[in-house]
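Okay, so subunit A shows up in both of these, paired with subunit B first and subunit C after.
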Partner chain A sequence: MHVPDGFVSGGVNAITYIISAGVSVFAVREANKKLGDKQVPLLGVVAAFIFAAQMLNFPVAGGTSGHFLGALLAASLLGPWISCLIMTVVLTIQCLLFADGGLTALGTNIFNMGIIGGVLCYYLLVALKSILPKNKGGYLISVAISSWMSVVLGASACAVELAISGTSPLGIVLPAMASVHVLIGIGEATITTAVVGLVLNTRPDLVGTYSYQDARTFNTMEA
Partner chain B sequence: MKDVNIRVFILVGLLVSLLIAIFVSPFASSYPDGLEKVAEIKGFLEKGEEWVLWKLSLMPDYSIPGSKNEKIATGLSGFIGTLLVFGVGYGVARLIRSKRS
Partner chain C sequence: MKHSFLDNYSDISSVIHGLDPRVKIIGFFFLTVVCVSTPPSSYFSFGVYFVVLLGVLLLSRLPFHHVFGRSMAVIPFVLMVAVFIPFLKKDVIGGGYNLGIGGITVSNSGLMVLWNVVIKSYIGVLCMILLSSTVPFPKLLKGFGDLGLPKIFTTIASFMYRYVFIITDEAQRMKRARDSRCFGGKWIWHSKVIGHMIATLFIRSYERGERVYVAMLSRGFDGDLKGKEGVQRLRPGDYIFLSVLIPVVTGVRLLV
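Right after this comes the complex of A and B.
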């Protein structure tokens, strides 16, 4: 769902640039409090994995493909703000080096994938985890649903931006974007749940959202 | 199961990412993605203005300009990108941590 230049209006891009820049500054401050010795290399390797996995487009219905997003994977391991930073790093490099996502639309892409996918859906994960059974199965179901939602909500936000920009009417673009990303989100949930499950089996201490009490006491970042 | 050493964990993670980027990404689906497909069907694909970055970026669309073999070019750009993202991510994390008050 990387938005290229030209799809979204200057006004929408300006607003999302401002929001994304503000959130990034806040995210750096939060990361400063929470990055432990283990999380420094973990941030790098999660970013690298997301970049690589995003290259793997898989076919969904009707000659369309989708690819992994990774924001909720990063959020489940490292929390919402570090996830947002990771997505900002990945999206900026994709934009500048690979022309994947427009430069004028970079703020929009960070908003859709980093802030909605990484930050908002982190709180969805927290909410789901609190109502589902307090065990590994309940946790992984929360991860699956919130990662699926990260793709659906990110794509829906993209549709709203396209509608505000006058590119396509909301009644047309929202159902179209949401329906195809409902399918792409199944791939997202499958990959995210598999990777989180794998990390839980090898280094459960690195899955930051697994053992915390609530979002306010998210302090697993101690070294 | 005894917990895997953190260095081993990071190295294996990086290695897996590099292997995916180099050897699997060249065989990924070349169908348009969800947004591109919607743009195509709903008739706003031509609004995309890729040309600015197309000329400036080093590896547009994960290709290497002038390369003959598309699959090798995709794998190579994936290798460069993955390593760069790891380096920038690690560097940013170290920088943020070093500024701790």
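Right after this comes the complex of A and C.
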């Protein structure tokens, strides 16, 4: 899903750059409010974690594999703005060091993966959480659905941007991107749910979006 | 364990490696942006950009297989999104080529779109590889800082660079432990195992982050990293690099 240089037009690049820069500035301010000076080492180490986790490929079906995105995972654990900030740093470094995603398309990539995956889908998670049963099961289902959506929506946004840029007609690129990422999203959802479930069992205080009373009863450290 | 996947070859010595990080950042960013803005039909311009990059590559004494091998990173996206375009796009005025295989036609405008994305993404990738292979990452961050990037980003990135090796090691140790227990996961239901590995990795990383913060506090950390060296002055070589690169690229873009 990392868009290289030349695939999206100047106009799309400019708009997504402006949105991503604005959101990043806001995210820095919000992260500062939440973590204070603790943010520097903590965000650095968690960004390194997302980086390392993205290297673990998971199987999609038979031969093909996808890699973990992690934006919704970071959002469900640490909140939308920290997640967005971490994704911005990770995507920038992937662009500079691995040439994974183009420099001029960096704004687009941050928009697709950091803002849609980290911020928009966080609010989807909050909305789902409020309509589903208020217990651990309902919470994990909303994590699963919103992490699946983070991949599918990110890929669809990417397809729409390619279509607006005139690179590929929408009728072709949207089904192609969406169908592949519907599968990759299942892997993302399975993994995110497993991660959040295990963190809930061991360090429930780290799951920022889980606010139910029974959180402490799962704490094996106390048991 | 051996980590050579980040900025390898960035510590060898050559004319290009000796330049100030700032001029390399400006130079390669400039070339990428100009290249992306070039109309696809000016083939000569792309040729010149490629020759400029080839010149930098020769001066930098980087091994060719390293640069061209890594530049293949761009292929998956091209294959997935762009390779079908020539077959699907319909020309407004008949200019298609009939391949004579069951009515499959290749359209001229579609080929142009394909050429456009392939050449631009390829030159962009080459620029980034040359940048990251000629500047060690900490110096690259300092260069960005000197150019005015907000400090919060450079400090988070420098912490990330410091810990990514440790956490990758941790991930590799877990992976080896898993594989030595006959995991062999190929199907989607094996994802749960990977999920639990990632969860363990997250908790260990987060707790490491907390420990690092406490250790920093006990050493007098007050939210600001100290001991920064001042901004270095540019040397003649830096001016020469920019005064050759920028006029050549701009000239070709505007005149051809």
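Please note the rule applied: the second predicted complex is superposed on the first by the 192 of 223 C-alpha atoms of A that agree within 3 Å, B and C clash if a C-alpha of one lies under 4 Å from a C-alpha of the other, contacts with A are read in each partner's own complex, and residues count from 1 in each chain.
By definition in this document, a residue touches a chain if its C-beta (ideal position, glycine included) is under 8 Å from a C-beta of that chain, and two chains touch if they have at least 3 such contacts.
Everything numeric in this text was worked out from a predicted model, so none of it was measured.
Participant: Touching A:Asp100, do we find subunit B (first), subunit C (second), both, or neither?
Facilitator: both
Participant: May I ask you to decide whether A:Ile116 touches subunit B, subunit C, both, or neither, giving the answer as first, second, both or neither?
Facilitator: Neither subunit B nor subunit C is touched by A:Ile116.
Participant: In the superposed arrangement, which partner chain does A:His181 touch: subunit B (first), subunit C (second), both, or neither?
Facilitator: A:His181 contacts subunit B only, not subunit C.
Participant: Does subunit B (first) or subunit C (second) touch A:Ala144, or do both, or does neither?
Facilitator: After superposition on chain A, A:Ala144 lies in contact with neither partner.
Participant: Give one of first, second, both or neither to describe whether A:Leu128 is in contact with subunit B, with subunit C, with both, or with none.
Facilitator: In the superposed model, A:Leu128 contacts neither subunit B nor subunit C.
Participant: Output check: A:Cys84 vs subunit B and subunit C. Expected answer is one of first, second, both, neither. What do you get?
Facilitator: neither
Participant: Mind working out whether A:Leu42 is in touch with subunit B, subunit C, both or neither, as first, second, both or neither?
Facilitator: In the superposition, A:Leu42 contacts both subunit B and subunit C.
Participant: Touch test for A:Asp205: subunit B only (first), subunit C only (second), both, or neither?
Facilitator: first
Participant: Which partner does A:Ala155 reach: the first (subunit B), the second (subunit C), both, or neither?
Facilitator: A:Ala155 contacts subunit B only, not subunit C.
Participant: Overlap of the subunit B and subunit C footprints on subunit A, residue-wise?
Facilitator: Shared contact residues on subunit A: 2-7, 28, 32, 38-49, 51-53, 55-56, 58-60, 62, 85-86, 89-90, 93, 95-100, 102-103, 162, 167-168, 172-173, 176-177, 180, 202-203, 206.
Participant: Considering the complex alone, what residue numbers of subunit A touch subunit C?
Facilitator: 2-7, 10, 13, 28, 32, 36-49, 51-53, 55-56, 58-62, 68, 73, 77, 85-86, 88-90, 92-93, 95-100, 102-104, 162, 166-169, 172-173, 176-177, 180, 186-187, 190-199, 202-203, 206
Participant: Per the contact definition, I'd like the list of subunit A residues that touch subunit B in the complex.
Facilitator: So the residues of subunit A touching subunit B come out as 1-7, 28, 31-32, 35, 38-53, 55-60, 62-67, 85-86, 89-90, 93-100, 102-103, 155, 158, 162, 167-168, 172-173, 176-177, 180-181, 184, 201-206.
Participant: Which bits of subunit C are touching subunit A when the two form their complex?
Facilitator: Result: residues 6-7, 29, 32-33, 35-37, 70-71, 73-74, 77-78, 80-82, 84-85, 88-89, 113, 116-121, 123-125, 127-129, 131-132, 137, 140, 150, 152-153, 155-164, 166-168, 170-171, 175, 185-188, 190-192, 194-203, 205-206, 208-210, 212-213, 216, 221-223, 225 of subunit C touch subunit A.
Participant: Inside the complex, what are the residues of subunit B that reach subunit A?
Facilitator: Answer in residue numbers: 1, 3-4, 6, 9-10, 13-14, 16-18, 20-21, 24-25, 28-35, 37-39, 41-44, 47-50, 52-54, 57-62, 74, 77-78, 81-94, 96-97, 99-100.
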